[in-house]
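Every chain is named by a letter (A, B and C) in the order it is written, and numbering of its residues begins at 1.
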Amino acid sequence: MKHVGFKGVLRRSSMCVAALSMVALGVASAPIGAGASGLTAPTAGMKPQTSIGKGEGKLNLIAWSGYAQPQWVKPFQTATGCMVHAQYANTSGEMVSLMANGGGGQYDLVSASGDADLRLIYGGDVKPVNMSLIPSWSEFRPFLKAPSFNTIKGVHFGVSLQFGPNVLLYSTKVFKTPPASWGVIYSKKYSGKITVPNNPIQIADAALYLETAKPSLGITDPYELTQTQFNATVALLEQQKPLIKAYWNAASEEINLFNSKTVVAGAAWPYQTNTLKGDKAAVADEIPKEGATGWADTWMLATKAPDPNCAYMWMKWVSTPRVQAEQAISFGETPANSLACPIMNSLSAGSCAGYHADKPDAYFKSIKFWKTPLSTCDNGKQDCVPYSEWTNAWTQITG
Amino acid sequence: MRHSRLSRFGLWLWVAAVLFFLFAPILTIVIFGFDKSNIETWPIQHWTLTWYSVAWHDPQVRSAFILSIKAAVVATILALLLGTLAAFGVHKARFFGRDSISLLLILPLALPGIITGVALHSAFQWAGISLSIWTIIIGHTTFCIVVIYNNVIARLRRTSNTLLEASADLGASTFQTFRLVTLPTIATALVSGALLAFALSFDEVIVTTFTAGAQNTLPIWILGAIRLGQQLPEVNVVVTMVVVLMFIPILIATRLTGSENITGRVSTGRRANR
Amino acid sequence: MTTSVDDTTKSGGPRALHSSALARSRWRTAFLLSPPLLWFLVIYISSLVLMLITSFWSVNSFTGEIQHQFTGANFAQITSGAYVSIIERTVLLAALVTITDAIVAFPFAYVMARVATRRTQRILLGAVLLPLWASYLAKVFAWISILEKGGALNWTFAKLGLPAPNLGFTNGAMWIAFCYIWLPYMIVPIYGALEKIPTSLLDASADLGGSSWSTFRRVILPLALPGLLAGSIFTFSLTLGDYVTPLLIGGSNSTLIGNAIYDNLLTGGNLPLAAALSTIPIAVMIIYLAVARRLGAFEAL
């Protein structure tokens, strides 16, 4: 190792500081690029490819754990020759951060949830997808073909994958009749026996409740809240704080809480319900009268994806009814493809109903799917509270 | 130093209690690997061996494990080299800002791993370095150095310089002095430091998430499995198998550290050589 | 053994030897320090300095872009509201874990270093190191199942006729989990320090009439201080930066600094606020090391 000398080291390091500052700041914060009027997606103008070429031999995914199971990865690899390398991310925030700078030429696809999609789109980290290359897309449920969390002005930035509602899970021993309203998780009656997810997007659930409980606030979209509406929602959540036993971070945590009878009501996914029921726990879930929020995952294509052909092949593959059914049962969610239901039942009897995949589209109208709260509101004014404020408020509430 | 019978009894009781504290959760992990149910409640209702078969045949576990071992071995070796160099440098030198080096070296441990992870991720992107096992190793070495540095410098501070001066007086070259006098002095600090560093690297999850690229180390797989929550006993089985696997290397390593004469007559300069 | 080369200044030989030895040692120091320093400066410190600079900037809440204008707003924010209790909670917890681990580890390390036979010493060391290989995540998870309502601890207390402690998902659970996980990192350095105490010192102290207790207080404890310091640095700093344990085993009042940084950085995309928060662990460690230096734990003896 050449002897460099202290001064030389200092000079080198200050150059590095200057250079790093240019990149690292932009990279680590994933800003939402703004035009003079409203927001524009930086990559919206990029024309997607018109055909799928030869596979590049590999595919790099950022996925939720359970989204790249051997059950459907192995046949894919055999058929296309694209070797799948999947890295598991644990939160939407991690996904956004890993995908910074268009995936950095490192990653091809990311299975982003609705709370991250718009951050990725407006950060220029994902690019438009050509839906004509995904034949199964025509079989998707209408509300997932071009949902507002992954389609901007008709430009598709990804392929919807699977979804699930955020239901009210409750102990049937404590609630002899199903609770009529979300109000039970804000009620002092069950103090210390409530659990909700530890996620800033949970603010939207409180806003959804207030939409019905306090119509004077005028909330129409729980993800687009003016400062007044936001403050009222935060106040509700601060009232709720002393009633919460724990904010759950993983499904297994919530299952533990219910199974040990530490909590009696909370916000959950049908997966928790079905797992608890499978272990003979006395629980049930429902969507109360105010409706519910829901999450939906999208496979998004990185702007600098090194293997775009393999990426398209993957998106094609996981959209087919068979793989949709396999994944729905494996992970515990609802498929986007409307033809998956009978296959689900053939693989696991009753699973279609268990994940509400047999419900008509009208049922899902009452679900307000996650999308990143932005400062632009539908009314054209720029006075909605953005997600960074949501995060800060959530830290204040739960801290 | 003589101890009264009462204090000996008290001390050994303490040791037993600490050992129980250390191993009760490990026992819990092992036991729940035999639990048929995915929900871990006590006491266990149904026992089964299927999870062992599942874990053994799981290709994701295998590749994650191998990646973790490779990264930890290389990171530990690098940390040994760099951490020892740093410890000697700081110990010998008398320059302004010496103590701030100690602070700088401790930062990777003190700061939340997320900071190190994102900082490294940005740095690699800017430098155009693609994420691979080497970026994992770089990330891990960053905090493994601290472990080695701490151990070695604590040992150096307790070692008298007269031995080294005597060795130089007697005409030994720097390398000879290092090999015959210095190295034996710090050997046990190196071995125990290496074990701690290896464990830190093997177990690290957040910095690795940002430096791994599209692959999973064992902790990333475990965190994903906990998040997925569908085969929790498989996680317990995997951890059990790792602990059993590490039993032999630890046995060997402790043999290496047990060479010191515990009555250590250091001041007379006589070393109990093996 | 105390006469050194310095004393022979009369003839030119040894003195010249000595000053060239000094010069060589300066080069040697630089050589010894440069690879690790380069590593740190280039890769790590520059990125850190960068982050610290951004703590004085802010994020435009509409566009999410960073405004390169100096502002103290972030620091005002983290010294008010819930952030104050988050910081207090983290520092308090780190201190509590350090003290607990020091107390638990010391007698154990003492037995290992000075009471046990060589064979037992090796067995005990192996026993301390073995739990490190069980994944941190699995260990915390095990504590959940031990401490929760239907878990082993409640069950044992019930069998003994005692009221259930119900420690699951509380700050107490976090304290136990942290103490448990960092314990080997405290035991090993203390053991290392105690092992090197020459028996002759202890014999001398006894000869001079010191009781066991005063030998402990005046000879053993000061000599073990560097080891205690090394161990406490681990427990303190690792707790300061941790965010996983609160997620798994914490209750509704368990947010630590690490969680706040993670949320603001990754979920909120607010790098300046996260950077401002990360100055807290740095500041705490600076104070900690300064106090340790004052206590003489850095001195070579």
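Throughout what follows, a contact is a pair of C-beta atoms (placed from the backbone, for glycine too) under 8 Å apart; a residue touches a chain by one contact, two chains touch by 3 or more.
Everything numeric in this text was worked out from a predicted model, so none of it was measured.
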Result of counting contacting C-beta pairs for B-C and A-B, higher pair: B-C
Most remote chain, CA-based centroid, reference being chain B: A
Centre-of-Cα separation between chain B and chain A, whole angstrom: 36
Geometric centre distance via CA averages, chain C-chain B, whole Å: 14
Residues of chain C whose C-beta touches two or more other chains: 35, 37, 45-47, 50-51, 144-145, 150-151, 248, 262, 265-266
Per-residue overlap in chain A, given as positions that touch at least 2 other chains: 20, 24, 28, 94, 97, 250, 256, 259-260
Shared interface positions of chain B, touching two or more other chains: 40-41, 118-119, 122-123, 223, 226, 232
Interfacial residue positions of chain C with respect to chain B in the complex: 1-2, 4-5, 25, 28-29, 32-33, 35-37, 39-40, 43-48, 50-51, 104-105, 107-108, 110-111, 113-115, 118-119, 121-139, 141-146, 150-152, 155, 180, 183-185, 188-189, 192-193, 195-200, 202-203, 206, 212, 215, 223, 226-227, 229-230, 233-234, 236-238, 240-244, 248, 257-258, 261-262, 265-266, 274, 278, 281-282, 284-286, 289, 293, 298-301
Interface residues, chain B side, partner chain A - complex: 37-41, 59-60, 118-119, 121-123, 125-126, 130-131, 209-210, 212-216, 220-221, 223-230, 232
Touching residues on chain B, where the partner in the complex is chain C: 1, 3-4, 7-8, 11-12, 14-15, 18-19, 21-26, 28-29, 32, 40-43, 81-83, 85-86, 88-93, 95, 99, 101-116, 118-120, 122-123, 138, 141-142, 145, 147, 150-151, 154-159, 162, 165-166, 169, 174, 188-189, 192, 195-196, 199, 202-203, 205-206, 218-219, 222-223, 226, 232, 235-236, 239, 242-243, 245-247, 250-251, 253-255, 257-258, 260, 262-267, 269
Of chain C, residues touching chain A in the complex: 27, 30-31, 34-35, 37-38, 41-42, 45-47, 49-51, 53-54, 59, 61-66, 77, 81-83, 85-86, 144-145, 148-151, 168-169, 247-248, 250-252, 255, 259-260, 262-271, 273
Chain A residues touching chain C - in the complex, by the definition given at the top: 1, 3-6, 9-10, 12-13, 16-17, 20-21, 24-26, 28-34, 39, 91-94, 96-97, 119, 122-123, 198-200, 241, 244-247, 249-250, 253, 256-257, 259-262, 375, 382, 386-392, 394-399
